[in-house]
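Shared chain: subunit A. Partners: subunit B in the first complex, subunit C in the second.
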Partner chain A sequence: MRFRAKIVDLACLNHFSRVINTIAKLAKTCTLRLTVSKLYFILSDKVANGGVSMWCELCQGNFFDEFQMEGVAAEHNEIYLELVPDNLSRALRTAQSAKAVKIKLTNKHCPCLRVAVELPSLSSSSRIVTHDIPVGIIPRRLWNDFREPSVPDFDVSIYLPVLKTMKSIVERMKNLSNSIVIEANLSGEMNLKIETDLVSITTHFKDLGNPAWASEDGCQSSAQNRDLESMAEARIDIKKLQQLLAGQQVNPTKALCNIVSKRIVHFILLHEDVSLQYYIPALA
Partner chain B sequence: MPLSAQPASSAEPYVLAASLDNARHLSSLLRAVHFQDHATCFATANGLRVTVEDAKCIQANAFIQAEIFQEYTVQEESVTFRINLSVLLDCLTIFGTSSLPGTSTALRMCYRGYGYPLMLLLEEGGVVTVCKINTQEPDELLDFDFCSTKVVNKIILQSEGLREAFAELDMTSEVLQITMSPDKPYFRLSTFGNAGSAHLDYPRDSDLMEAFHCNQTQTNRYKISLLKPSTKALALSCKVSIRTDAQGFLSLQYMIRNEDGQICFVEYYCCPDEDITEAEL
Partner chain C sequence: MKCIVTGGNVKVLGRAVHSLSRIGDELYLEPTESGLSLRAVNSSRSAFASFLFAPLFFQLYEPGGRQPDRELVRCKVLMKSFLGVFRSLPSLEKTVGKCLILLKPRANRLVVQLHCKYGVTKTHNLAFQECELLQAVFDTQRCASTLCAPARLLAEAVVHFPQTLAEVTLGAGPGGKISLRNYVEDEAVPSKTMVTELRLADDEFQTVAVTPGSRITFCLKEFRGLLTFAEASNLPLTIHYDTPGKPVVFTLEDTVLEVHLVLATLLDPESDLQPPTANGVSHVPTPSDDFADDLESYMIAMETSAYEDGPSGVPPSPTFPLRTPRPAESDPEEEEEEGAVPGTPPHKKFRSLFFGSVLTPGGPGPAPTQEVLAEDSDGEN
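Up next is the complex of A and B:
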């Protein structure tokens, strides 16, 4: 098992840091899956973290200047690591003005991701900061736990409003309530609602647009025969939603959510070379 | 949409209806009196008064005159209700506290009467938020009976002068002692903390002093913990009028200019600290 990678371009490095910061905000520990062409950050739904799951996918070619990996076996050319994304985020914080960052899987006393940051230096000798981040190697028999969740058979799929506006609204609502109802229809309307003993608040968004899902599979069947006006709704933990909105630094070019009535809300944030999917289950 | 579901304005059943182009004009004033969760709102044809009290010793009033609103109607002589101020502020700033230049949150506020919630309709950039805040039985408010004819001493200062003083107040002191006098030291703020006493004097010919009308030497003490919340109003204000009556009750009137240049007032009343003895003076 071997893995080494290098980022030289500063813009790529900053972009990569932003993605890692986002992951660090959303998950305490996560799984890093490495393949020849892609990196995946995966949080699978455990009851312990409120049933939330995450799937973040990056094309290595858009970030790394060098990327070499060898999996456990030729026919399973992948590596699965368990890591604390905050450690990686902190390691990259020293790299804001770095000339180069090398990431390597090592095994000195325990398996580690070694992040070597080469900082600009005025003298001829270079300055290198090295962080060893402990990781766990996930054995092959457990890989099946980390499959990409399928796009749920949603009732409504809708583009999200400007995330900054949505964040500010959800932050205020979070002061007042523990749960929030998200509802949307196929006419581009979405409402955010809270209701408590003290206050009820509804924010209405309109003209958001509904993405057209190609009918390559049967997943949009529920949405197809749906009344355009009727709302699909789910009540979710407001903290989880707020974490997503406050934590994301991906600045997505496209953001949308799929609602499965009373079951789950599936958020997709897309930036040219990054896709972040976030699943928040509905509360009973 | 709930907006279109509103009845035509002529048939409105609301005892209080008001609209405001920029909800921040209201939220910033309310924040200046937000030191307790609950506030009593009192609306008359002149405008809206929001009162917050603590410990039966301090009362803060924010006045929003009818002219500040683009539309303002009160169907009864006066309308009173109690409301959770924290919730009201969260609702008013739902689109964020620092709006971008060129955007503002428009507000429409209506109240049907006793037992009904206060309705807020907020709009920014085509996004509409509807809030229904439950109202409560109004509290009996303190009557400080502070009228201008009973004022003994009065000083009007530019707020920056007092802001510095309040920023440096020795918070280990339990009280702030205010001396106002026609003779020296004219206007003195004193604290008595762990590190000793501190006195701050303002000469009567100071540039910061806009008006000085002191008839009698008065020294009173006020609990710093009670006065501390008034710094929120002080921070926003341009001028402050400091007045005392014969019993030593203190009135701090803050003149606040909003982004559109309109003037509003926030007033704090505070009881003197009773424990003062002649010997200590």
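Up next is the complex of A and C:
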């Protein structure tokens, strides 16, 4: 098992740091899956993390100048690591003016992801900062736990309003209630609601647009023969939603959510070369 | 004591107070003929800092009272209240033209007066306590390793460590590289902690005279405080250190200013395997009580000793008790001393620093055992 990668371009480095920062805000620990062409940050829906799950995918070619990996076997050319994304985020934070950053899988005292940062200095030789981030190697028999979750059979799919706007609303609502109701219909309307004994607040969004999902297998999605005006709703933990919104450091080119009535809300945030999916289960 | 600080020096004084506030809850003021000394020590007595401002730093400096026979009054004030006067450094720079510090022993007040723009005068009357001389016992001359670097280099080095990190290990690696790494406690699970190491080439330093392979571990918080001051004053910082367990001394020097920060260092893990046996001497370092005891005995010593007050009354230069292991001569007396080592120090494995109630050189000093509260271990050779 071998892995080494290098980033030289500062813009790529900053972009990569932003992605990692976002992940670090969403998950305390997560799984990093490395393949020849892609990196995945995965949080699978365990009860321990409140049933949320995350799937973040990026193309290595858009970030790394060098990227070499060798999995356990030729037919399973992948590496699954467990790590604390905050460690990686902290390591990259010190690399803001770096000349180069190398990431390497090592095994000295324990398996580590070594982030070596080359910083400019006043003398002829550069300053080198190395961060040894402890990782756990996930054995192959457990790989099946980390498969890409399928898009749920949703009732309504809708584009999200500007995330900053949504964030400031949700942050204010968070002070009043622990849960929030997201409801939307197929005519581009979405409402964010909180209800407590003292107060009910609803924020209405309209003309958001509903993405067209081509049904791949021809089977009817439950969204297809649905009344355009009727709302599908799910009540979710407001902290989880706020975390997702607060973690966004760059406005995604496309942001949408799929609501399965009373079961789950599935968020999809698309950047040019990064996609982030986040699942928040509905509260009972 | 009366002194007046003007112009940009007010801010320097303010920054010094900020730096000292990282160390302890009390600020010790000691007016001497060679300048005003501000000192602080932390509660576990593992960190000590002193800022000595030379008379030239002030527009006016009168260490003593009006009466020539009056002896110099040393006092301590609450750090919080003194820091309050200098809280906002930017506004200090913008508005304050002159700062007057006046010690009124009769009225039991330390008066700090800020003369600001538009004729505004802010007067702070602080309560103070007379106190013993606070002095850490150390000697930079005896330190085996010395490093000198622009403060900026070290400030840029420590930003790589998280704010919450308690201790950092400084080491001299092969090829003259100086390294800094976060200290990971023994109890911590290695597979859980991220280890960050920074390596600096020796040509980034102004002086590198270190024992190859030497390394020491010290607290980062107080060091950061000093770095902020050093960076703002644009002064090079010198680090003097010896073996693990012996204090590390950081110094800054200027024509009108002399700064010392003394930090305890962590004992080397290897020598820690054989914990020093505490025998005979009951200097168990539960600092508060022991210190009170020592203070009392010191006060008695004070009464019977003549305090030299005159032109020769320079502040006692920091001394380091001769307790360094000398392999050549090992007389039984010394061995006894070597045994007289405190048990486990209070906080982590840091040794308390060697605080003595030091008298002016020449004056009859108290018994040498009283000088040292908790002394350093010699059993690590």
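Please note the rule applied: the second predicted complex is superposed on the first by the 279 of 284 C-alpha atoms of A that agree within 3 Å, B and C clash if a C-alpha of one lies under 4 Å from a C-alpha of the other, contacts with A are read in each partner's own complex, and residues count from 1 in each chain.
Definition applied: contacts are C-beta pairs under 8 Å (C-beta built on N, C-alpha and C of every residue); 3 or more make two chains touch, one makes a residue touch a chain.
Source: prediction; values computed, not measured.
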item	value
Contacts of A:Arg172 with subunit B and subunit C, given as first, second, both or neither	first
First, second, both or neither for A:Ser123, with subunit B first and subunit C second	second
Which superposed partner A:Asn144 touches (first subunit B, second subunit C, both, neither)	neither
Contacts of A:Asn87 with subunit B and subunit C, given as first, second, both or neither	second
Touching partner for A:His109 - first (subunit B), second (subunit C), both, neither	second
Contact residues common to both interfaces of subunit A (with subunit B and with subunit C)	none
Interfacial residue positions of subunit A with respect to subunit B in the complex	161, 164-165, 168-169, 172-173, 175-176, 197-207
In the complex with subunit C, residue positions of subunit A that touch it	84, 87, 90-91, 94, 109-111, 121-125, 127-134, 136
In the complex with subunit A, residue positions of subunit B that touch it	1-2, 84, 86-87, 90-91, 93-96, 117, 124-134
Partner subunit A, residues of subunit C touching it in the complex	153, 157, 159-160, 162, 190-201, 203-204
